[in-house]
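Listed after this line are the structures, all set down as structure tokens.
Two complexes, one shared chain (subunit A), two partners (subunit B, subunit C).
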Partner chain A sequence: MTTAAISTTSTRRIHRPSVDAFLIPVLMAAPAMLTLAVWVYYPLLETAWLSFFEWNMMPGATKTFVGFENYERLLSLPEMPKATLNTIYYTLGLLPMTVALPLAVALLSQNLQGPWRNVYRAAIFLPMIMAPVVIAVIWRWLLNAEYGLINVILNSLGFGKVQFLNNPDTALWTILFMTGWKLVGFSTLVFAAAITQIDKSMTEAARMDGASEWRVAIDIVIPLISPSVLFIAMLTVLHGAQWSFAYINVLTKGGPLLATTNLFYLLYEYGFANFAVGWSAAAGMVLFLGFGAIAILCGRVLQRHAFHQG
Partner chain B sequence: MSAIISTTAPSPQDGSFGSATAIAKVDPSQRNLSLRAHALLLPLSFVCIFPLYWMLVTALRHEGDVFSTTLWPENPTLENFRYVVGAIPLGRMLLNTTLMAVLTTVLQIVTGLMAAYVFASARVWAGRLLLVSLTAAWLIPPQVIMIPNFLLINRLGMMDTLQALVIPHAAAAFAIMLLYQTIRSFPKELIESAEMDGCGHMHILFAIIVPNIRPVIASVAILLFISSWNEYLWPLLVTRSAENSVIQIGLQMFLGEQGNQWGALMAAATLASMPILLIYLVLQRQIIDTFVRSGLR
Partner chain C sequence: MTTMNTPLKRRSLIAAMAALTLMSQTTNTWSQPMPPLGNNKVTITFYNYNLASAGLGADATKELIREFMAANPGVTVEGVAVPSGDMTTRLQADLAAGRTPDLAQLVFNDLDHIVRNFGVQALQDIVPAADWKSHTEGMVPAGLELAAFGGKMYGLAFTFSTPVLWYNADLLKAAGLDANKPPSTWDEVKSAALAVKAKTGKEGFYGSFYTQFDWALQGLILSNGGRVLSKDRKRLMFGEPEAVKTIEMLRDMVDAGAHTTVSDTDAMDNMRNGRLAMVLTTSAYQRSLMSAAQGKFDLRATKMPAFAGKPAVPTNSGSGLFILSKDPLKQRAAWELMKFLTSKQGYTTITTKIGYLPLRLDIVKDPKYLGTWVAENPLIMPNIEQLSRLQPWESIPGNNYKQIQKIEVQAVNEAVFGKGNVAAIMQDAQKRAQALMPR
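So, the complex of A and B:
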């Protein structure tokens, strides 16, 4: 292998002018791009198309063109209003567990040294690698009204038993808890890693000037890790309600009495339980455009407000 | 502060909680802070681990003891595991899941590498276009595109097959993005001198670049594997029979049919998570570092 030649170009270009030079890169990029085109981008267009029809996917059934009717009737479709409200609950309700609590823990455990550190890291990250179905099954057992350990403990403390998943008042928060439980460790470690990347001289200087721990955190640490915090917050807002899907389908199917359903679950139900493809597609497009707008907004906020070091 | 995709774990000078290195001595003035850290992390760790522990404990209990609340079963037994193996085609399901996860991961890495290489070597605007498109792809909720994909699988006659599980996931936007950034920061001199030697693109990618970014590829591969193993929605839609389903769906089937046989259910859950737990046991540092780096901005 010859030693590196002096490069006089600053951008790397594909040099050889022959047809081959063009063909090979195209063939190389093709599998990935084709896969995405066929299974991600095109289906989006197809969903848009389907939203203008009424169809039930049955063999032999015909698609009936209904124009914008599905969209017009969207909010009056069964379950839509409750699902929309629940989606907001899911989205905002996750933030304490994916941002607030992890931030507090990361800030307050910054200087932990020693062998315990790795034990804690491995422990709090464990839920993150577990499959949602497994998580659902485990918590179903722990929260079982008669024999689940949680209720056994509550009983021994004098409280009555709680029907965590069967009571419309508690069901959504129970699902939310499971969703957040999976993510707490991940957020905590991301924030903790972000904190270690801060130049220690800044915090040291502030401490030597007499600033309290609290002040140091608010004025220096948090602004400097804000890109990561905002990123996790954005992820939660955009995907939070969708993260709960497996728990809902395994444990409550949206019930009891619509207590746990959300827009993402509803899309699935319309499509595969009610076989109302048009409804699912229309709701899906609105969901996509709505969250797309939120994503763009979040992107702008991230760019403008994220503090950068140095 | 951008996420630097490096081939080594981030190692700042001090050894605090977020880093991967440690300093042995503890400054006395730090002891109070340490105490506070323990006071927070101990309960949090407990909440995160205990459910898994309880699953295991319940799985090892006799049917009659299942409602007991002792911390460890009086007479641990494997009868629940034997029952589960007999009740559902567990071996088949684990095999299907393993095949699916391995094939998907390999395909996603290979297609990702090739696409990332092409765009990393192309003009800057092409790279930007790629990143925007991939971000958009990643933002599309699966529930929005699941119906057309389901219909396509049906039309192709691939329902209830391994291909149906693997082919739609042959490329992963996340993998392409990460590999693109990695290859972009690869030393240009090595690539250019290889080009001048007359090496073809495939050779440059697989004989020169890949051997040097093995740690990154390994990290991404682990992430993709875990993600594929835990996949739920798509297998739910395209598998029909128990023999062809993956372990996650198998577990849900078991829950549906014998959901109140708690011991057996917990045994099934244990078997469903065993492979990933074993991988985690061996590779947790690398897994955690990769996940955490993907969240850093």
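So, the complex of A and C:
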């Protein structure tokens, strides 16, 4: 409190602490703010600006102002409705595999002990650390209609061959399954970690009161890990369609007949194939605004419905 | 002279002047000789797509580069593997970042874009005239023309092929067909494919018309009297009646079950595994198809089929070599490498070990080069025979050319494998793509 004592002696010094109070936090936050400004906000503004031009980034090439033409071209692509619908399928279709299944696995395996615990953990987590392109190529072999292992098995069971990736009716669900298969491990890990954080006295108290394991899970465990569940759900909604990108790019290129394309892939195809800066900047802005709106909505839901311990 | 001021006359005057300029450029002396290599040490970077794919001759390309460096100890070649589909994007990114490779293998459908934007050096501006003349002697003129644009030579055709119909002779025989008389028209392809399917349960035919590279599709449309791009390079034509009829032929094969509906990659896998009877695609698959067929089935090749009563028009796939360096010494090193790769010896390696066409027909019969190999591997012959009738793969003009290609390929996929009306799909695509052409 010495500064306060001194500051009473002169009016000039009265202002010192308030200047410091303003300046010091600003200085401390400056590195982070500067980084954000340089790496996030400046590129964002420049992207918005470039989305109104036709330019190919080549040295010496001129930027031509085209107004909203890039947006018009992108939004009037005839593939747009199909891609939007598919994006919804990708997003919602992933939820069972990123939320429901991992939740079940985490709950059922929470009391697993001994060496099986490690075996199970390795098995469930292995897909997570494999490169998506490698996974895609392996699945392509497994699913080949003529000699793929899965079709050989289906065939021997009398089901006949399924053109998983070449049939427009099954291709999207096949890609969705691959994407989800890779993510099960991650979600399970997050949920399992959340479960270990729960204060044991709560579940024990419930058990002593005669609650069944099912009631303990429904009434205590799940509400207490709801922030994690909602977090994973939000992550899925915001990024689900993106996570399929590698598989779409390697396996189907959006086909057959647009069956597996989504907004990200479509905009990548038209926007980024050629360093057409205007197209890609407009594509980036469309995604930013669309998913920004969804993110705000998700944030609200998270705030309102997450239930915290203690 | 007042009549000269009407727009039409003025335009024709400009056109005439432009034509004169072009003519004077083509007949121009090849100026500004590059310095000889001498004892200089020089390192050049070489973007190459064969290096990026084991199936497309990575080893043969490495071998060629090694041999070149052994013969030219002063030159170090840094080969950079870039997949063909990513080549222009990668190059564009690197050019924008100021990292220009010295020599690049570029796909011909980007030619318009490459010449206008990449600062490619016209060869007659940098290569000594006598050197050019002696090196290109004996090269197929139609092949040399592939890398010419607006009357200037910008590169040297390097690895390219024509559409070849690969077929599994065992499957044709099993279907009761004469494997020595493979289909030569599209009607015959259809009936052969249906016979294979009915008798063997295997798939009949696949054509490589549906990926981002439309070279074979352009040849198919040309074979039916149509075009993808008008001769003056201003108007897209893939929705015109001739092109539509071509695509209707493919659709008809799909609807009849003669044309497999799997993806390009799967079709090639199936061909290698003996589960598909015929594939129309690049001869660059020669090596990988041959090694897959070895001891398993009788792999053969024949010329591109024709539409009844019309000649088949083969187009080229593939790439040329283009010098991007502005440094005279590096240009010299790059030119020496280009010469080595397209020499009689270079083409012998490229043809035998990868399966591309030799741009020099005089080596085909020469036992010092391809003679013995061709006698043992007649698979290359249909490809060589088509070389004299070669029509260049047109590159789409303008900054939106990739988007235009995308629209074209997407429409063809939808028209062939979908259920909609072919003419309506192609016309709509043409209209949308035309709006993206340079105005």
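Just so we're on the same page, the second predicted complex is superposed on the first by the 226 of 310 C-alpha atoms of A that agree within 3 Å, B and C clash if a C-alpha of one lies under 4 Å from a C-alpha of the other, contacts with A are read in each partner's own complex, and residues count from 1 in each chain.
Here, contacts are C-beta pairs under 8 Å (C-beta built on N, C-alpha and C of every residue); 3 or more make two chains touch, one makes a residue touch a chain.
Predicted model, so just to flag it, every value in this text is computed and none were measured.
J.: Counting only touches as set out at the top, which of subunit B and subunit C does A:157 meet: first, second, both, neither?
T.: neither
J.: Between subunit B (first) and subunit C (second), which does A:190 come into contact with in this model arrangement: first, second, both, or neither?
T.: first
J.: Once the structures are superposed on A, label A:208 by its partner contacts, choosing first (subunit B), second (subunit C), both or neither.
T.: neither
J.: Output check: A:149 vs subunit B and subunit C. Expected answer is one of first, second, both, neither. What do you get?
T.: First partner only.
J.: Look at A:109 in the shared chain and tell me whether it touches subunit B only, subunit C only, both, or neither; answer first, second, both or neither.
T.: A:109 sits against subunit B, while subunit C stays out of touch.
J.: Identify the partner contact of A:276: answer first if only subunit B is touched, second if only subunit C is, both if each is, neither if none is.
T.: second
J.: Between subunit B and subunit C, whom does A:43 touch in the aligned arrangement: first, second, both, or neither?
T.: First partner only.
J.: Classify the contacts of A:57 with the two partner chains as first (subunit B alone), second (subunit C alone), both, or neither.
T.: A:57: touches subunit B and subunit C.
J.: Looking only at subunit A, is it subunit B or subunit C that touches more of its residues?
T.: For subunit A, the partner with the higher number of touched residues is B.
J.: Going by the contact rule set out at the top, does A:242 touch subunit B (first), subunit C (second), both, or neither?
T.: After superposition on chain A, A:242 lies in contact with subunit B alone.
J.: Which subunit A residues are contacted by subunit C in one complex and by subunit B in the other?
T.: Touching subunit B and subunit C on subunit A: residues 57, 140, 144, 147, 272.
J.: Going by the contact rule at the top, pick out the subunit A residues touching subunit B in the complex.
T.: Contact set of subunit A toward subunit B: 1-5, 7, 11-15, 24-26, 28-29, 31-33, 35-36, 38-44, 46-47, 50, 57, 104-106, 108-135, 137-142, 144, 147, 149, 152, 181, 184-197, 200, 224, 227-228, 230-232, 235, 238-239, 242, 245-246, 249-250, 264, 267-268, 271-272, 277, 280-281, 284-285, 287-288, 291-292, 295, 302, 306, 308-309.
J.: Using the touch definition up top, name the residues of subunit B that touch subunit A in the complex.
T.: Against subunit A, subunit B makes touches at 1, 10, 12-19, 22-26, 30, 33-34, 36-38, 40-41, 44-45, 47-49, 51-52, 54-55, 58, 66-67, 69, 110-112, 114-115, 117-124, 133-134, 137, 139-152, 167-171, 173, 176, 188-197, 200-202, 205, 226, 229-230, 232-233, 236-237, 248-249, 251-252, 255, 259, 262, 265-266, 268-269, 272-273, 276-277, 280, 284-285, 287-288, 291-293, 295-297.
J.: Of all residues in subunit C, which touch subunit A in the complex?
T.: Residues 88-89, 92-93, 95-96, 98, 117-119, 211, 261-263, 265-266, 269-270, 273, 275, 399-403, 406, 410, 413-414, 417-418, 428, 432, 436 of subunit C touch subunit A in their complex.
J.: Help me check something: in the complex, which residues belonging to subunit A touch subunit C?
T.: Where subunit A meets subunit C, its residues are 54, 56-59, 61, 73, 78-79, 140, 144-147, 163, 165-166, 251-253, 255-258, 269-270, 272-276, 279.
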